[in-house]
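One chain, chain A, links the two complexes that follow: it is found with chain B in the first and with chain C in the second.
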Partner chain A sequence: MSEEYRAMWEGLGINMRRHDMLLTALPEIFQQIYLGQQQRPEAMGFFDFVVSQIHGIRVKELMDHKAKGGKVFGTFCVYVPDEVIFAAGGIAVGLCGGADFSVPTGEQILPRNLCALIKSAVGFKIGSICPYFQAADVIIGETTCDGKKKTWEILNEYVPTYVMDLPNCRTAADRDLWISELKRFVDKVENVTGNTITPERLAEATALINRKRAAMDRLFELRKARPAPISGLDALLAVQISFYDDPARFAQKTNELCDELAARVQAGQGVAPAGAKRILYAGTPMPIPFWTIPALIEGAGAVVVAEESCTGTRLLAGGQTALPGDGIDRQLAAIADRQLQTNCACFTPNDARIEDILRLAKEYEADGVIHFSLSFCQPYNLEGIRVQKALQQAGIPVLVIDGDYTQEQAGQLKTRIEAFLETL
Partner chain B sequence: MLVAGLDIGSRTIALVEWDGAQVMRAEVINTGTDPLANSRRLTQGRAYDRLVGTGYGRHLVAERELADEVMTEIKAYAIGAYHLYPDVQTVLDIGGQDSKVISIGPGGRVLRFEMNDRCAAGTGRFLENMAHALGISVEEFGPHAMEAEGRAVTVSSMCTVFAESEVVSLIARGEDSRRVAFGLHRAIANRTSAMVSRIGLRERFVFAGGVANNPCLRQLFAETLGVPVTVPDNPQILGALGAALHAAQTNV
Partner chain C sequence: MSEEYRAMWEGLGINMRRHDMLLTALPEIFQQIYLGQQQRPEAMGFFDFVVSQIHGIRVKELMDHKAKGGKVFGTFCVYVPDEVIFAAGGIAVGLCGGADFSVPTGEQILPRNLCALIKSAVGFKIGSICPYFQAADVIIGETTCDGKKKTWEILNEYVPTYVMDLPNCRTAADRDLWISELKRFVDKVENVTGNTITPERLAEATALINRKRAAMDRLFELRKARPAPISGLDALLAVQISFYDDPARFAQKTNELCDELAARVQAGQGVAPAGAKRILYAGTPMPIPFWTIPALIEGAGAVVVAEESCTGTRLLAGGQTALPGDGIDRQLAAIADRQLQTNCACFTPNDARIEDILRLAKEYEADGVIHFSLSFCQPYNLEGIRVQKALQQAGIPVLVIDGDYTQEQAGQLKTRIEAFLETL
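Let's turn to the complex of A and B:
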C-alpha cells in the first residue's frame, strides 16, 4: 500500500523514514501473532485487511472528509462522546498509543516513570509518525488520571488540545458536572465544525453509534459460548479497529463476523479445544498493536473469553443510549447516564468495577482472571489490590501482573502466565 | 522405565534421571551461551521414555524436540519439594536471575506464587556481581559475610549496577569487606522476606535454587522469617527432579 499513500503522508508532515520503519515492523508482528492462529473466522479477513492498510484507506477517507471542510477529532477515552462529534458532521478517531516504537520519542519530553500508553501516544505526535494524529484538527483529552491531565498541557503546545473535566466521584453533583461538561463540549464541537447540533442530528448520530455498540455487544454475547467461537486476540482486534473505522461499516462487518460465530456456536464449534481454560482479562486498555497479553495467554493453550477493559466490556458499559426526543439538554443527560456506568478506575469509590469483574467471571464461565495494568498507571495498579482480594474471597483464581509494551519482560510474563494456567 | 527432567536455568542446567523409584543420575552444568547444545551434551547417548523440560529455556528444548513436554519451574519446584518433604507448604527458590515464592497446597499443588520484578536484584546474579566487586568467589561469599558476626555496613541500593558502585566506594572508604558482604546479604534477606510475607508464610519452609547453597542467607532467612529453614541436599536440582517425577507420571 505504501506507494499509493506516500504523497498523502508527506502532505501530512509524516516523518517518512520513521514511518517506513514502523510499517515494516508491523506486518511481521501481525503475521507472527495473528495469522498463525487456528480456526480463524473467515470474516476476520476484513479486519486483517484494515490492519494491512492501517495508515492508508481510512486516513484517505479522513483526508477526503477534510477536503470537503469536515473536521477530525482525535480522542483518548470512552468518556468522550462520539455521538456529539458525528452529530456535528465531524469524525471521531480514537487515537492509539499501543506501540513501544514511539515510547522512546515520547520519553524525549515526558518522564520515564509514566505509563507506556501516554508516552507512546505523545511519541506518535511529536515524532510525526501517526497519520491519524496528524489528520486530527483537535485533540479531546479528559481528566481520567494525573498522567493524562498534565500531558494535555504539554501536548497542547503541539496540537490544539481541549480537555473535558471528568469527575472522579459519583455524587449527584458529579453527574451535574459531567452533564455541564457535555454541554460545554457541544459548544466546542459546534465551534470547531461550524455546524449546529440539533436534537434531530444528535438523535441520528446516537442511532449510528448505537448500531456500532450493538454489533460489539453481540460479539461479546457470542463469546460466552463454550467452546469459545473466537480467540481473544481476534475479538480484541475487532474492538481495537472500532476506535478508528467508519462506524456504519464497522457495525456491518462486525455483524457479518457475528453471523459466522453464531453458526459456529450453533454447530458447537470453537477455536480452542473444549478443555481449554477460559480466561477473563481485566485491567488497562490494550490499544493496537499491543497484543502481548492475549498472545501469551492463548499461546499457552488457554482462551481469553472477555476483556474487562476500555478495549472490551467497559467500552460497551451502559448498553444502548435511549434518547428522549425533546431537547439537547435531556439528550445529553441520557448520554451522561449511559456513560457514567463505565467503571473506570479513576473513580472513587469504584466497587462497581469489582462487581463487574465478579459478574463477568461468572457470565463467561471463566476459570481464572488475569488482571494486567500498565506499569505506572496508578488507578489500575492500586485497584488491582482490591480486585485480587475480592476474587480470592469469591474463590476465583486470579493473577495480578503489570508491565509495558517492551519485550524486555516477555520471558518473566510468560512464566507467570503459564504457571498461573497450570494452577487452574 | 527411565525418564528425565531437564531444568534449563539462566545460569545452570540441571538434569535428573528417574527410574520410577529413585534418582539414577543428577547433574548440574553451566548454561553457557548455547543452552541447547549443552542440554544435548548432557543427555547424549541416553534413551529416555520421556523427558520433561522446565526453566527459562524450556520452550527452546521443546521446539527442538529434546523435551516431550514442558512445565514452568514454579510447578516443577512444587512437585520436587513435595516429593522430598510431603509436609511442605512454602517454597522459596532463588536462582540465577529471578526469585520465586510458591505456596503449596494438598498433593503438592501450586496455590499461589510470587516472582521478583524483572531485574536481577536479590538473585544469584546479584550475589555473583557483589562477590566479584569484593574480589572473592561466590562460594566464599556467604562464609565471608558470616565472619562479620552480625555487624553490617548498610548498603542502600538493590540494583545490581548501583550496588556495585556503592560497594566499590564503601571499600575505598576503608569499610571492612566482611561487614559490607553481610550488609548485602541482609538487604537480600529483607527484600525477599517481604515477598515471602506477601504470599503468607506457612511451615514447612523449603529454600532451594542455587542461592540456597549460601549459608549466610540460610541463617538470615531463619532469623528474619522466624521459622526453621529446610534446604535439600542438592538444592539446585529440585526443578529437574520435579520435572522428572512429572515425566514418570505422564509416561503412559
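Let's turn to the complex of A and C:
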C-alpha cells in the first residue's frame, strides 16, 4: 500500500500504529492464499489491485465524494437497499468485519459469546482501524439477528447508527411492514443527503444495481461449467469486492472476467482437474479477508463451485429488480419483493433456503456440501441442523461445522474438511 | 409425590425411569432452599403444596379437561395471550424449562451454544420427562429471540408448534403487525378448540386474567415495604406457579398471601432484619425450579425485593388490560397495547427497560441491582452492558453476571454475588 494515503488516514482519525500492523499482515496472507493459485484468470488482476489498495484508492474516492458534499452510508446486510442510497447521490459501502485482527478490540466492549463478524466490525470502529468506518456518515444496521440488533444500540454511542426493522417472517403483514421500513429509509436517506429521491433517480439507481447484479449472476452461471473455470477463492474475492467498489466499475470489471471465463468454458478449460471434487459452500457470509474455508477446501484439491451465502447466491436472490414506471411506492414494493426472496436464516419458516441448497447442489453438480456458520450465530447454527438432515435424506454428502476467524480454529477446520473430502 | 399419578404419566408416554429420578431430586432441593427459610408466610403453604404435587394434581386437571374435549396450549412467553386461549375454553400452561436435569437431553439435538432455558425445555419434550409438554395439544412459540425462533422449527418435528411473529421494534407498523398476529392467533385457537371466540367470552377471559394480574400486582406492591414482608424466593415461587396454575384459584391464593403480607406490613414485620441489603434482580426469567440466584442472594443475608424479569415485573407490565365493549378487534388492540409495554430485550430500541430498572431500584429502595442473564442469551447479555452503564451513571451499585443451571456455575456465581453484597 502506497504512502500517499497516510495523510488521508490521519485525517480520518485512524490509529496509525495498529493500521500499519494490519496493512503489513494483509499482503502476506493474500500472497500466500491467492497469488500461488494455478490458472488464475487474467481479469482477476483488477480485483488483486483493489485488494492491494484496500484502504487507499476507494477510500480516496469516498473522501472526494464527501469533499463535494456527498454522503457515505456504511451497511452490513443485503437487505439494506443500495438502490435508495445511490438514488440520493449517496454511496453505500459494505462494512462487514472479516478479520480476527479487530476481534479482541471488539471484545473490549462486547460479550465473547457473539459471532466473530460482529466483534470484528465493532473492533474496527472502536479501534479506529478501518477508514471505511471512519468515512461513513451514518451506519445502517438491521434487525436480522439478536447479536446485530442489540449491538447497534451500543455502536450508536460511537457512530450514528440507524436501524431498519426487518421482520422475522414473510407473511403479507410482514411484507407491508418491510415496505413501510423502505419508505422510512427513503426519508432518512433524503434527510442525510439533503437530496430528494425522485422516481427517475430511483429507477436509474435500480438499473445501476441491476447491472451489477447481472454481472454477478453471469459469474455464478459460468461457475456451473465442468471443469470449473474459476476457483472458489477468486469468485469469492470478486463478490467481496462488490460490497464496496463503485457499482458501475464493478459491473464492467466482472463482465470482463466473465468474458474470459466464457472463453475458458467454450474451450473446456478449468482451474482444477476434471476429477476435482465440486463443493457447494452454504452458511454465513465470508467478509473480506476471511478466506479460510475455500482456502482449506481448495488447498485439499477440491473446488468450491458456489456459495449459498450473503457473499454468494443469497446476494443475488430474486434476480433483477422490476422497474415499474408508476412512482416511488411501486418501486419500493418491487425492491421489497426482490429482497424478500433472499432466504436469510433470520426468517421463520425458512424452508425455501433448504430447497435452495438442494437445488444449487444439483445445478452446480456438487459432490458434497460444506455448511459453515460462525460460532454463536444462532440462526445459522440452528438452521444447519435441518440443512444437514435434508441433505442426508437427499443422499448428498454434507459436513456441518462452525468456527471463527482465528488460526487455532483454522487448524481444527482443516482436519475436519480434509477428512470430509476424503469420503467423497 | 403420590403414586396415584403413575398410570396417568404412563398414559402420557412419560419416560418413567428418568421422571422418577427428577421427582426424587426435586423435594430435596426444595426442602433445602425453601423450607428452611425463617418467618415464611403461612399462606405459602398452598404454593408449597403445588410444588409437592408438581407433576400430579395440575396435570390431572389438564387430563380431565382433555377428557371432556378441552385443549391444552403450551406456551413460553408473556407475549402469548392467555386471554385468547381461555376465551376459547382452552387452558394455557407455561412450559419454560428451568432444570439442568434435561439440558443434556436437549443438547442431543441442539447446539451447546444456546441458553439453558431452550435446551432444558426441548430436553423435557424429547426426553418425555414433562407431563405438561406431553399433555399439550399444541405448543405456541414466538420470535422473541434467534434461539427460540429457530428451535421451534426443530421442535415442530416432535410436537405441533405454532409460531407467533412478534416484531423487533414497536413502531405503529409493528403494532399493526402484532395486532394482525393476535387475529391470526384467534383463528388458530378457534381451529384447535373448535370453539368460537365471541366478544363476550374474550371479555370474560380478559377479566379473569386481569384478576390474576391484579393479585400479582398487589404482591409486588407489598414487597416495596421495609422491612420486606416476603422473601424473594417465596415471591418468585408464587410467580413461577402463576404460569401453570388455574388463573382463578391462583388469584384467590395470591390474594390470601397478600392479606397476610398486608398485616405484616401494618405490624412492621419482615422476613429479614431491617438492615438487610435490598436487591433488585434484573434480567432473564427464572423458570421453576431455577432458584439459584435468589437463594445465593438471600443465603448471604440480603433480600430480593423485586425481579425485573418475565418472572417478575415484566409479566405485569401494562397493568390491567382495558375492556372495550365494541368487538374483538378493539379487544385485541387493547391486549396488544397492554403487552407492548413489556420491555423485552428482543425489542430495539428498548431504552424503556433501562428506565424501568432505574425506576424500580428507586421504588423498591434497592441497595444494589444484580443483572443476571442466561449464557448465550444475546439480547439480555448485550442489553446488560447498557443497563450496567446506566446504573453506574445513576450511582446505583450493579453486578452484571451470566450463567446457566449447573451446580458448577452456582459455585462461581456464589463467589461473585457474595463479593458484590459485601461492597454494599
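By definition in this document, the second predicted complex is superposed on the first by the 422 of 424 C-alpha atoms of A that agree within 3 Å, B and C clash if a C-alpha of one lies under 4 Å from a C-alpha of the other, contacts with A are read in each partner's own complex, and residues count from 1 in each chain.
The rule we apply is simple: a contact is a pair of C-beta atoms (placed from the backbone, for glycine too) under 8 Å apart; a residue touches a chain by one contact, two chains touch by 3 or more.
Fair warning: this is a prediction, and the values are worked out from it, not measured in the lab.
Per the definitions stated earlier, placing chain B and chain C onto a shared chain A by superposition produces no clash, and the two fit side by side. When the two structures are aligned on the shared chain, A:418 is found in touch with chain B, with no touch to chain C. When the two structures are aligned on the shared chain, A:64 is found in touch with neither chain B nor chain C.
In the overlay built on the shared chain, the residue A:111 is in contact with chain C alone; chain B does not reach it. In the superposition on chain A, contact of A:355 is made with neither chain B nor chain C. Once chain A of one complex is fitted onto chain A of the other, the partner contacts of A:10 are absent, as it touches neither chain B nor chain C.
Computed from Cα centres after superposition, the angle at chain A between chain B and chain C reads 70 degrees (steps of 10). After overlaying the two complexes on the shared chain, residue contacts for A:187 are found with neither chain B nor chain C. In the superposition on chain A, contact of A:408 is made with chain B only, not with chain C. Between chain B and chain C, the partner in contact with more residues of chain A is C. For the overlaid pair of complexes, the smallest distance between C-alpha atoms of chain B and those of chain C rounds to 6 Å.
In the three-chain superposition model, chain A touches chain B and chain C at no common residue. The part of chain B that touches chain A in the complex is made up of residues 56, 71-75, 98, 109-113, 115, 118.
Remark: chain A residues 408-409, 411-412, 415-416, 418-419, 422-423 touch chain B in the complex. By the touch criterion stated above, chain C contacts chain A in their complex at residues 109-111, 113-114, 143, 145-147, 149-154, 163, 165-169, 171, 173-174, 176-177, 180-181, 345-346, 348-350, 375-376, 378-379, 381-383, 385-386, 402.
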